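What follows is a pair of complexes built around chain A, which joins chain B in one and chain C in the other.
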Partner chain A sequence: MFELAIGIILGCCALGAGIAMIAGIGPGIGEGNAVAKACEAIGRQPESKSAVTSTMIMGCAIAETTGLYALVVAILLIFVAPGIMVDVLLSAI
Partner chain B sequence: MNKSTSKTLKFILVDCVLLTCTFLPIAFVIILEILTRVPSDDISLSGAQIFFEFNMPLQKLYITEAQVNSWAVIISIFFLCIFLTHGLAPKAKTKRQLLLEWVVEQTEKLVNGNMGEIFKNFAPFIATVIALSAFSSLLSLFGLYPPTSDINIIAGWALAVAGLITYYRFKCGPIGYIKSFCDPIGMLPLNVINEVATPVSMTFRHYGNIISGVVVSVLVGAGLQGLSHIVLGSLPGILGEVPFLQIGIPAVLSVYFDIFSGCLQAYIFAMLTMMYVSGAFNIDEFELRKKKKALKKANGGN
Partner chain C sequence: MFLDKRKGTNSVKAVNPVIKKETTYISIWTMALSLIMQGVIFFMGKWNSGVLLGNLLGGAAAVLNFCLMCKGILAAVEKDEQDAKTMIRMSRTLRMFMLLAVAAIGAALSFFNTWTVLISLFFPRIAIFFWPLFNKSEQNVKSEDKHE
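On to the complex of A and B.
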């Protein structure tokens, strides 16, 4: 019974981490759009390349944030959550 | 004898001492790492090692590897700055002075361009943030634990930035501070959440970028180890143990994750610091308040 409980905990943590990383789709599409528009802008006005590039990198960094939230949640679920859950289980028994 | 072009013996001696002081903390941390590393056969992901524990009223205070490495970086940067500023002359003679002038010029240009003329004195702070963050990330090139892959270190920096933001909001007085949250009327709760989310998002952005590089590097390393074992595993003896696929390929990843990503995150952290701090300061209201105060003082005097 105890093994089953630990198995459920570990499996659910892994599933949760996987589901959390679905959030990686959003930043991927968003950053792709940003870079595509930046390329268009550089193509139209090659002289403004440095300004466009630095603005694009800033925008990409901000668009990345939601994906990084998901990453931090996934890392917590994989490395931190199982230990806490097992401790809770042991204290409940 | 032309004294202005040749360096005196004393100058060179001081240079040597300063350079030694620059590299000594890094060497100390490397020795500490070799002495305290727990040997393991598998490739494993683990947090910072705990060196000491102190009993404190609320909870234990841990002195971890990340903190010690961070102090080493701070001391190293301190002596590097003294080394670079050693022997400054009104007209640049040495290469290091030219380098330093370039760095100072670029930082001032960056700060003036992003924050405006009123925040001119912010350039040293921004340079410090960039140097600390970049050198902390680059510490992983020595095989050490980079302090930026510990969330606590970056949370400390982000809290410092949050303190600065609050300070500049308070420049317009307590009423101005409350007023700055009610900018579109009725958006108070959202603005308060936004204020709390700023340090959290800055922490997660920097930490997430560095830790994702660490995780990917470790996974690729483990995968290559398994792959080379499959390819060479049938050979007898020590030949089967040679991890030939692990030579070179992780270095390509390291160039991106350790060097490029670390420096880019330092730049982005500094950029966000500048944007948030200059956004928190309402210059029109500050000038208005200054004028009102001066008027009040003049009236009171009469």
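On to the complex of A and C.
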């Protein structure tokens, strides 16, 4: 019974980490679109390349943070959460 | 160091000024925030070598990630729209794998403090939060120069 409970905890943590990483898809699509639009803008006004690039880099870095949150949640679910859950289980028993 | 073989000299290949400027800004902020975090943990009485090593690993990965992102974006801007999209998505996927590896190493190895590795990854985001303030002051200086 105890082994089953630990198996369920580990399985749920792995599943949760996988679901959390779905959030990593969005920033990739968003960054791609932002850069595509920046290409368009630079093509129209080549003299503003430096300003557009600088602003776009910061925009992309902000967009990327969303993916980073997902990554951190996934890492915590894989490496930290199982230990805490098993401790809780042991103390309950 | 990149050597110019055609000329036979030691001239270093010029780094794009935009990458240099933004990476310097992010690096300075990451170092400052790292020092603050170390100070806070020290005063909490929980400082050990794992905290320092974790901070170094996470901070270095965050700055490297930002630098690679800048390089990827600047390379993509030179291409057409569809190629730029594909290139950025590929670059992001590879960088995500790099961060995943760094975070997994930080969490799995006992001589790194997991929390400091993960917190350090967010320092560039905090730096970008303050970016408009500095950028605004630079723009004001430029516009004042133009008026004069």
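Just a few scattered comments:
Here, the second predicted complex is superposed on the first by the 93 of 93 C-alpha atoms of A that agree within 3 Å, B and C clash if a C-alpha of one lies under 4 Å from a C-alpha of the other, contacts with A are read in each partner's own complex, and residues count from 1 in each chain.
What we mean here is this: a contact is a pair of C-beta atoms (placed from the backbone, for glycine too) under 8 Å apart; a residue touches a chain by one contact, two chains touch by 3 or more.
It should be emphasised that the depicted structure is a prediction, and the values quoted were computed from it without experimental measurement.
Chain B and chain C, once both complexes are superposed via chain A, clash.
Taking chain A as the reference chain, the count of touched residues is higher for C when chain B and chain C are set side by side. In the superposition on chain A, A:Ile19 contacts neither chain B nor chain C.
Of the two partner chains, chain B and chain C are each touched by A:Glu64. Legend: residue contacts after superposition of the two complexes on their common chain; A:Phe79 is shown touching both chain B and chain C. By the touch criterion defined above, A:Val88 reaches neither chain B nor chain C.
Shared-chain residue A:Thr53: touches chain C; no touch with chain B.
By the touch criterion defined above, A:Ala38 reaches chain C but does not reach chain B. Once the two complexes are overlaid on the shared chain, A:Ile8 sits clear of chain B and of chain C alike. Superposing the two complexes on chain A places one region of chain C into the space of chain B, and among 8-16, 80-88 or 116-124 that region is 116-124.
In the superposition on chain A, chain A positions 57-58, 61, 64-65, 68, 71-72, 75, 79 are in contact with chain B in one complex as well as with chain C in the other. Residues 24, 27-29, 31-33, 35-36, 38-40, 42, 49-50, 53-54, 56-58, 60-62, 64-65, 67-68, 71-72, 75-76, 78-80 of chain A are the ones that touch chain C when the two sit in their complex. Looking at the complex, you find that chain A touches chain B at residues 57-58, 61, 64-65, 68-69, 71-72, 75, 79. Against chain A, in their complex, chain B makes its touches with residues 45, 201, 204-205, 207-209, 211-212, 215, 264, 267-268, 271-272.
Only residues 18, 21-22, 66, 69-70, 73-74, 76-77, 79-82, 84-89, 92-93, 96, 99-100, 103-104, 107-108, 114, 118, 121-122, 124-125, 128, 131 of chain C touch chain A when the two sit together in their complex.
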